[in-house]
Amino acid sequence: MSRFVLVHGGWHYGELWEPTATELRDRGHEVHHPTVGGNREGDDPRTGHAQACQPVVDYIVENDLRDVVLVGHSYGGSVISKVAEVVADRLSRLVFYNAFVVADGNSVYDEFPPPLQQAVDASAAERQDGTCIVTFEAWRELFIQDAPYDLAKSTYEMLRPHPVNTLTDKLDLSRFYSLTVPKSFINCTEDMTLTQLPEWGWHPRMSHRLGLFRLVQMRGSHEVMFSDPAGLADAIERASRR
Amino acid sequence: MSRFVLVHGGWHYGELWEPTATELRDRGHEVHHPTVGGNREGDDPRTGHAQACQPVVDYIVENDLRDVVLVGHSYGGSVISKVAEVVADRLSRLVFYNAFVVADGNSVYDEFPPPLQQAVDASAAERQDGTCIVTFEAWRELFIQDAPYDLAKSTYEMLRPHPVNTLTDKLDLSRFYSLTVPKSFINCTEDMTLTQLPEWGWHPRMSHRLGLFRLVQMRGSHEVMFSDPAGLADAIERASRR
Amino acid sequence: MSRFVLVHGGWHYGELWEPTATELRDRGHEVHHPTVGGNREGDDPRTGHAQACQPVVDYIVENDLRDVVLVGHSYGGSVISKVAEVVADRLSRLVFYNAFVVADGNSVYDEFPPPLQQAVDASAAERQDGTCIVTFEAWRELFIQDAPYDLAKSTYEMLRPHPVNTLTDKLDLSRFYSLTVPKSFINCTEDMTLTQLPEWGWHPRMSHRLGLFRLVQMRGSHEVMFSDPAGLADAIERASRR
């Protein structure tokens, strides 16, 4: 039995982990999936990265969770990296599921390939409220191309605007890079969100920044949490077992 | 139900799509697989790229096909790119199955890694009739290494000499690169025809030239149309669904 | 029916092939798995690469084996390369299973990424007897991360210290690189021993040095010989069939 805290990515929120959480609970695990600051209904659209992390830290501390496997998806990788700096002694392992391992001093945005930076800029410029969205075309072709159309559509309709400051804030990760918590990286082999060009893709570019880490790979897109929650639960188990 | 026009690669011809076409028809689709100019019995061995494309354009127009998913394999990628420039309004999607996405102004030959260029040169020099062939050794190890020997042998015996001019003609693809037709790329993860060196392989080198595109991957060699036609039909469905 | 001679990697010895050999014998093949010099109990810890190869040459010659498929794993790739120079006429194919294809004039050590070089140096400096070992942490996360913990642990306990000279001896491979014996490379897609950075990984970096070769890929870590012996036996069959 493991104790998981699942941290969602940009445009997502805690409830969207439900299909994967159900799979993990069916396998006997304890699963938590709090929502990151800035992604809760009514949150300030100007939320920055530090404010984004605080609710996750609070959730772990207030519930006195220990021996936690802390899992981050996509943007959530930057959140678990900062959260780990604060609650390292409560963690048994960090699992990055196609998640940002941000270089010390960079922002998440700095790690985006130019076309994704341009898409975020364009959306932010159009919305003018501090948030950005993903177009359905990008969602369907780059995030969740392995799902039937109806699932791509229904999940798109559940997404929320994402606060841009959480993406553009520069992150001091010097403590993170000195942590000795064991680390894993789950790589979905059809993930296209960062392109699959070697200089921009998730693995090995992001993953190898972890130093010694455990690699688990599975078929599927960035959003296997929707298109293959059973497969993702299996990968999370393999990534986090002893 | 989709309407597919399947365009074969070098040394191939339309009839060789039969195993894959049967799989697609069994799934309820309409499937066409005309032969490219220069690959029909009796065609001029000096056929160039423009003449190669014309029979595919004619086939689509004369049969008044609309909402076509136009699929190209290997060299056929260069054919569907040029055909799309003429009949874009009849297409719902372009699907490249380990197929050339030629850089504007280049020939197919320009996209070959040096050893493949040398093999084509050597064969053309030996044959002296404007065509080139693939050796059985290359076919067995680089094109269809995932098949039993007997299938490798029987399919090799069905190949035809290929007109070199279709490979060496420079292609103006400026219109192609401005088309907004949705695009997909099917990548067979064991395809060795262009090597798997990042600077020469199919994906992401060729695929990323498509801009926004849908990636579908499957296990197998360049010739899954023979070694795994059911798997290829499944990949084509996933690549072309809404 | 094929005749296999399986050559193990560093820290391994012939008996460790038993799970894979059993799978191959169950499929009707003849299987030999001699131990390389320096890895037998009581062998000189200062054994060099030439001495390491000799027992394999002797085994093949003394048993008068012909039509041999010679399979090398990891460090064993360097051994089969040198053995092939001596007994080429007895070989039907060379199969490299995530195995070193050492550049002419290099040592195995020269092909290691810097962190692996440092790990070998540190272990050798600590042991002072001419051998080095792998830490359990590295074994579990980089060599056999796809196995349950108990299998990772039990296999770790079976490993032996490895003579450093076999890794650091420079190898003259000019004859090897002129051999026309057919060659295959089995790539386990989750193998992390050399990292998966393109400039350091097994495939295509090592594999492409073989020139024309047959690629077979399978899921799994460097140690599928323990974590998936049936899958490895299947890959060896596909790599070595006609």
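Brief remarks on what is shown
By letter and in written order, the chains are A, B and C; residue numbering begins at 1 in each of them.
By our rule, a contact is a pair of C-beta atoms (placed from the backbone, for glycine too) under 8 Å apart; a residue touches a chain by one contact, two chains touch by 3 or more.
What you see is a predicted model, and the numbers here were worked out from it, not measured in a lab.
Two copies of one chain, chain A and chain B, touch each other, and the residues they use overlap weakly: the shared fraction of interface numbers falls below half.
Copies chain B and chain C of the same sequence differ by a rotation of 120 degrees once their CA atoms are superposed, given in steps of 5. For the pair chain A and chain B, the distance between C-alpha centroids works out to 38 Å. Counting partners per residue, chain A has 198 as the residues that reach two or more other chains. Listing the residues of chain C that touch chain A in their complex gives 137-138, 140-142, 145-146, 148-149, 189-190, 192, 195-198, 219. By the touch rule above, chain B contacts chain A in their complex via residues 182, 198, 203-204, 207-208, 212-217, 238, 241-242.
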